[in-house]
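Chain IDs A, B, C and D follow the sequence of writing; residue 1 opens each chain.
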Amino acid sequence: MRLTPDASGVFPIAPTPFNPDGSVDWTSADRLFEFYHDIGSDGITVLGIMGEAPKLEPEESVGLVKRAVAKMGGKPIIVGVSAPGFAAMRSLARQAMDLGAGGVMIAPPPSLRTDDQITGYYAQAVEAIGTDIPFVIQDYPLTLSVVMTPAVIRKIVMDNPSCVMLKHEDWPGLEKISALRKFQAEGSLRPISIVTGNGGLFLDFEMERGADGANTGYAFPELLIDVVRLQKAGQRDAAHDIFDVHLPLMRYEQQQGVGLAVRKYTLAKRGILSHDAQRKPGSALSAAAKAEVDYLLARIAKHDRRAKI
Amino acid sequence: MRLTPDASGVFPIAPTPFNPDGSVDWTSADRLFEFYHDIGSDGITVLGIMGEAPKLEPEESVGLVKRAVAKMGGKPIIVGVSAPGFAAMRSLARQAMDLGAGGVMIAPPPSLRTDDQITGYYAQAVEAIGTDIPFVIQDYPLTLSVVMTPAVIRKIVMDNPSCVMLKHEDWPGLEKISALRKFQAEGSLRPISIVTGNGGLFLDFEMERGADGANTGYAFPELLIDVVRLQKAGQRDAAHDIFDVHLPLMRYEQQQGVGLAVRKYTLAKRGILSHDAQRKPGSALSAAAKAEVDYLLARIAKHDRRAKI
Amino acid sequence: MRLTPDASGVFPIAPTPFNPDGSVDWTSADRLFEFYHDIGSDGITVLGIMGEAPKLEPEESVGLVKRAVAKMGGKPIIVGVSAPGFAAMRSLARQAMDLGAGGVMIAPPPSLRTDDQITGYYAQAVEAIGTDIPFVIQDYPLTLSVVMTPAVIRKIVMDNPSCVMLKHEDWPGLEKISALRKFQAEGSLRPISIVTGNGGLFLDFEMERGADGANTGYAFPELLIDVVRLQKAGQRDAAHDIFDVHLPLMRYEQQQGVGLAVRKYTLAKRGILSHDAQRKPGSALSAAAKAEVDYLLARIAKHDRRAKI
Amino acid sequence: MRLTPDASGVFPIAPTPFNPDGSVDWTSADRLFEFYHDIGSDGITVLGIMGEAPKLEPEESVGLVKRAVAKMGGKPIIVGVSAPGFAAMRSLARQAMDLGAGGVMIAPPPSLRTDDQITGYYAQAVEAIGTDIPFVIQDYPLTLSVVMTPAVIRKIVMDNPSCVMLKHEDWPGLEKISALRKFQAEGSLRPISIVTGNGGLFLDFEMERGADGANTGYAFPELLIDVVRLQKAGQRDAAHDIFDVHLPLMRYEQQQGVGLAVRKYTLAKRGILSHDAQRKPGSALSAAAKAEVDYLLARIAKHDRRAKI
């Protein structure tokens, strides 16, 4: 299904499963996508930063898109196509859409500085991939070191009709959501889906500021689904209650550099991945770190039995 | 009291109180230092990054040191002396020590890249301020963009006998504490105090990895004191229990750029500061953000009556 | 004399002379300012990046301004007042103007990213120093990592009537001069003085693109004066001829990090400075580098006898 | 021919020729490689930063390697294989060697900071591509923002026997060449080829410091060959004389961002490329800039008839 500006809900960022020898673990990939589908995800993103996308061969990237499409029952698959050059970006974007993907996600290259450079980059990217492919802006200054003001995001959205979603991952970013929704209320910005990242660390309040959902990879996406559902239902206290139960682990998983190792370790412990391996260069958890995650899981399990693993 | 390598406990990072017109609010400064003393802090740091140090006139900086010394009952006062030039660093460091400070904190300038540049910088800084002043290394890559390996920190410590403390603020940083303590166990590093920053966001586990305490400015330093005390007493679960109660607010306060506004807002709400003003250029909380902090405080108050404000 | 938007000609960036023991060499400072005056400079800048400004004590900075004013015969003295905080910036700016300076130069702090952050910073700086002090924008992305588009510069100029000059030091930057002069021709930008830096490395063409002069510290400011004079007189080939004679040394002096050592070595060799010392932390020339500078000077001397030293 | 540690001479960095419609201009590619061969180059580098490598499709990259091998008469072809992931790096490196390339060039990713991160990266890269492929370290801090000390380079060389060459592109970098040659004289570094970049801007002195040649793309590689030959023959003054004739244009071509446009414009004007087009996103010269290049060429032509075009 194609991604549209009224997309809403939880779109987990899928890690790429590997075998200990570094090959793609296709069995786990299938199981992971089925899991995302069965818990009620509204779509998923593959080949994101946390999907170890730059480490993959082109045919492996295509393989992941294929399997995601096959397993997600028609829900939109967003494909990360960020690349140092437009040729590779176009090639992957068009292949992915031909395979049934719903849209693509584009991050700005770290060298961009001025407002004009950023809006110019997105104009060129859209020209490269074609105006018929729905795309997501990835706004992630902490990792990408590109800072987009609300006005810059508005310009990208208004200049490019194929822009359907913002992956909001600014930090801090609550005021940015409010600013964009205010633009929309004033009529200077057309409606667009805003889904948030940062491991879900601010999802509780992001929903209250006007986000439509989450687009991040916390190892318990069920929790993200709970928070989004409860906030949409106006059950604020209940949303914060369940959120707070998981916050100690979300915080632990959100550590730059080792976060993916925490996430894969937890998903493996849950039986969803067969291994917690990363393709090189990757990080691994020390014995102390694993014991810390185990301890956090045990504490969560007192309040959320899904963490009893 | 002079700072020594066996320093241990909680050393709050003091914000600098301002009046709404931008002048220093000396009354609040006195009250703040008394508060830190009365709750049982083991010392404090003034003129840190969160102390808005670069915005102060030299005589204001000196004034803050004087009052901190006067109010803290002999506990060590650490003075941030980081400066773009060694003349200003030396001048403030020597004045502060003459006034009774216990030591100084030195952050590396953001331009440093290689291991040799970093160790060379600290050698020059020590030469500039004099080898008789105890100093603290500030290791804060997220904000300073200088990355120090454990081996680099060890070299600074071993080359400079006046180095007594590491303000550990790497992120993620748990493995770094373990690596340094391992160096110490192996005998390649002399004992040094390690206190942690990052708003306390990982204090629960940092204590378990071998930290001696906290050196950060969370608006409830009592909580930091609780966690440090409980962990030292081996009461792990109790430490995590109280930590988790505060984590939603600690996380909210740890947002880069607006964190200080959250901290001052809370301290003002607690009656410790008369105003939550920052000297220009500063950030202020929106009405929505204030309401979010209020909501978090109310939730904390259900489990910790000190937050009932 | 106050700096005005019709300022034109060569404004050397003055190095700060030091004695080998690190103290300011006031005798050399006087001699240097006299030299700049006698060769026909149209003003000078003190306390710039190449003036080792952050290494100076406040009273030393003030001393340099005093002597520059005393020796430059009424020509405008521009004082670098860039500082991590507005308190220090205001303090130095107002003192300098009271002592007879003509204006101040303000560089943006390296943390600025978006267009709004940059224009906002200059608005706050002007509010801090007062709207009555003529100021110069320093646009130097290579060192400061802040990128200002022509439109951003225009906004700063148009929003702040006290902005009188742009120190243009973008690299590459020829098209930026053309863009700004086009804005001026179209009427969207009021007239402003544009003087160029980068060690003079593109002065030949910068004058042809519409620059008013140079604001840089090449060790033969007479050459800069020649090029500016010849270009203003329409003697293009003659300007390039003399420029090309010096280009091998200008290029050598423009090396980041060691450039100031080359400059001071040459000025000392010319007898204008008594020593080539920098205050710590500084760089020094190796014997090989000194021999290379000597060789370049000897080659220049074949065509320009002023280099016979 | 395989690249060896005693490689010496001039290895031009080849631009990738494009047609105005953005397709690869294979005819010009053949002509360019023939030109490099005929003037006496000692090898070439394809797919470097100035070869617009990230903009190419994999099959285009392979095509360029094939044609370079075919036209260069057995001289070593160095292939830039820098990539965000090791899978792509390995894939291109092994294909290139199978096609007859002589070695590969690897630049460090911009995120690396500490000495250990840099040496660790090269260890992983060598593990990925295999220890049987000769490789070149690209040391280019200005663009890559990774700073390698001489000791770090030594460690990479000594740890990895397949390292045969350093592309030295630090700026400033003369002392680095001296330091490495001193390591070699002392016996702590095995002999390695050092060739220099930066558009040739310091080639005159780099040869005197111990460089073996040039590995850069100035539009008159004949000049680089002249300088290298004369310096090797001990004709210092003659080397500087011809170097100085070209320096105004070399300086103009060395402008970050527009340099490639200058280079392609000149090569097209010389009849070696059919077009000066870059694949998007690229830069183009303004009419003013073209006139400036024409003017510089005319001035060079007075002393070097090869520039009469």
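Please note the rule applied: contacts are C-beta pairs under 8 Å (C-beta built on N, C-alpha and C of every residue); 3 or more make two chains touch, one makes a residue touch a chain.
By chain, with names taken from UniProt: A, B, C, D = 4-hydroxy-tetrahydrodipicolinate synthase.
All of these numbers come straight from a predicted model, not from anything done at the bench.
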Label of the chain whose CA centroid is most distant from the centroid of chain C: A
B-D compared against A-B, more contacting pairs: A-B
Centre distance in Å when chain B and chain D are each reduced to the mean of their C-alpha atoms: 48
Length of the line joining the C-alpha centres of chain B and chain C, rounded to whole Å: 39
Separation of mean Cα positions, chain B and chain A [Å, integer]: 34
Shared-contact residues (touching 2 or more other chains) in chain B: none
Touching residues on chain B, where the partner in the complex is chain D: 113-117, 146-149, 151-152
Complex contact set, residues of chain C against chain D: 171-172, 174-175, 178, 201-202, 204-205, 208-209, 240, 243-244, 247-248, 251-252, 255-258, 286, 288-289, 292, 299
Chain C to chain B touching residues, read off their complex: 52-58, 60, 83-88, 91, 110, 121, 124, 127-128, 279-281
